[in-house]
Amino acid sequence: MEDQAEPEVASPEVRKRIHESFDRQGLMAHLGARIAHIAPGRVRIVLPARPEVTQQHGYFHAGATSAIADSAGGYAAYTLFPEDTEVLTVEYKINLLAPAAGDHIEAIGTVLKHGRTLTVCVLEVFAAQSDANRKLVANGQQTLIRVNRSEQ
Amino acid sequence: MEDQAEPEVASPEVRKRIHESFDRQGLMAHLGARIAHIAPGRVRIVLPARPEVTQQHGYFHAGATSAIADSAGGYAAYTLFPEDTEVLTVEYKINLLAPAAGDHIEAIGTVLKHGRTLTVCVLEVFAAQSDANRKLVANGQQTLIRVNRSEQ
Amino acid sequence: MEDQAEPEVASPEVRKRIHESFDRQGLMAHLGARIAHIAPGRVRIVLPARPEVTQQHGYFHAGATSAIADSAGGYAAYTLFPEDTEVLTVEYKINLLAPAAGDHIEAIGTVLKHGRTLTVCVLEVFAAQSDANRKLVANGQQTLIRVNRSEQ
Amino acid sequence: MEDQAEPEVASPEVRKRIHESFDRQGLMAHLGARIAHIAPGRVRIVLPARPEVTQQHGYFHAGATSAIADSAGGYAAYTLFPEDTEVLTVEYKINLLAPAAGDHIEAIGTVLKHGRTLTVCVLEVFAAQSDANRKLVANGQQTLIRVNRSEQ
């Protein structure tokens, strides 16, 4: 179900392109993550709690938190790229602000600066017991590069 | 098999403590990662290639790369902590230098600065077809905090 | 002159403490920077353009941009600390989004997460020809630690 | 005086290009920084202690530390670039490991990965009372982009 507070939705072509790419990411399926919303320059990914994504204290593992944050930012950038291009993560930095406890976490990637070659995103990850009770558990910043398929 | 170039090994107590913590990380088992070496201030984690850890082009997903890098750094710090403490990742930054292609990747976390409260690690991830042909695919820097169990 | 859009102001005691600390920073005076606003959890520092703060193309040097960003974040955290404490920067990461051209730049440090030991800030730097025409030229994220004077 | 432990020196053309660029950086002269060594992929910048570069406790300000680290990394990358190109810092992350106390600090930028578009450097800053007694006070990682002058 799409979030009522996020009415803006990317075009069907962009959403199709992103869902196809996401479905080819073996890791996302293996973790149990799914795309919850695709707006121009903004993508949200949700990961339900399960023992397979925990760290030693039973919270979400920073690796799982980072994985969906990285994908959310990458696809947020990708919504703004022309066809026949690919997106690659150059680097990111993430602060783990609080234990990620809840029945799910969700990562939001938002484009901060969109350039011809490089794009910079802000990454946020919230943990929630319900949609009404969200807590920011990680915050990051990510640099991405656009690669033209003909150059590869 | 332990690496011949890494003869130094942490004490049995420290190795036991780290293996027990690692075994409680649901994510590491779910990805298929294992600890390959535990030296004082230096831990190596190996992740074999499989479809469940890939991104959309079939390489290792940055999330998988980061997950084992984060764990390697965390346990490297943990080798230097006293008993009855825990380690938490404060933040990390990682550059993805090249596509992570190979039959496995390995992350090495190395303590750069060990303090009473904070510890800083360098993170390196190599991709390899064989141990003789390793390539640096990611490089990072991580800050960790020591938490005394009685303070939690 | 205080910004009309920032009516909230820290207490006189906090502002005095921060101005005294700022005045002891030889670098800030040497660059020509000044504190423009001190709100609880949010500090703004302004640096006018002059040849002494440029890089090789005549724009503001990333080092000057970072210096005021780091100080803005540090003092933003410091507004929330009790007396008899000090603030130290643990680390920061900054993206330089565009050439910093204008008659001044201003850095805004905002506390994102305030903890007993660690505080995380978001850093923004804008370049402006006038207050009406601001452009985001850098964005960062910073971790700070509180040090009790008695512990030093 | 060039460091005896760094015999490798970049070509006269590269050194001339870098010294000319450095001399146009108003900030470096204003801080009192100078280039100490230029090797292929590795540049060292020294900054003597003076009140104009301090923070509130009399140590080197993180902004000064970062400024010379950023320049050292930028010029390290620039040694590997062809003529008629420019170097721009995309982003960097730096950990401040210890108070920067001494009669000078020196920043070493070293290229870790050199690509057609992007280059990644490791940044180290040492504080010293004398060359025989150096201490690592900051460690960082930096991403740079090559810009062809004809594209600007």
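Residue numbering begins at 1 within each chain, and the chains themselves are lettered A, B, C and D in the order written.
The rule we apply is simple: a contact is a pair of C-beta atoms (placed from the backbone, for glycine too) under 8 Å apart; a residue touches a chain by one contact, two chains touch by 3 or more.
All figures in this text were calculated on a predicted structure; none of them were measured in a lab.
K.L.:
Spell out the chains that contact subunit A while also contacting subunit B.
P.N.:
Under the touch definition, subunit A and subunit B have C, D as mutual neighbours.
K.L.:
Over half shared numbers or under half: where do the identical copies subunit B and subunit C land at their interface, same or different?
P.N.:
same
K.L.:
What's the chain with its C-alpha centre farthest out from subunit B?
P.N.:
C
K.L.:
Could you work out which pair in C-D, B-D or A-C copies the interface of A-B, where over half of the contact pairs coincide by residue number?
P.N.:
Most of the contact pairs in A-B are shared with C-D.
K.L.:
So what's the Cα centroid distance for subunit A and subunit C, whole Å?
P.N.:
29
K.L.:
Please compute the C-alpha centroid of subunit A, do the same for subunit D, then give the distance between them in whole Å.
P.N.:
34
K.L.:
Let me have the rounded angstrom distance from the C-alpha centre of subunit C over to the C-alpha centre of subunit D, please.
P.N.:
Going by mean C-alpha positions, subunit C sits 23 Å from subunit D.
K.L.:
Which residues of subunit A are in contact with two or more other chains?
P.N.:
Residue numbers touching two or more other chains: 90-91, 93, 95, 120, 141, 143.
K.L.:
State the interface residues of subunit B toward subunit A in the complex, per the touch definition above.
P.N.:
It comes out as residues 21-22, 24-31, 50-57, 61-64, 66-68, 70-71, 86, 88-96.
K.L.:
Quick one: which bits of subunit C touch subunit B in the complex? Just the residue numbers, please.
P.N.:
Touching subunit B: residues 90-91, 93, 117-118, 120, 141, 143, 145 of subunit C.
K.L.:
Residue numbers of subunit D touching subunit B in their complex, please.
P.N.:
Contacts found on subunit D: 93, 95, 97-98, 112-113, 120, 122, 136, 139-141, 143.
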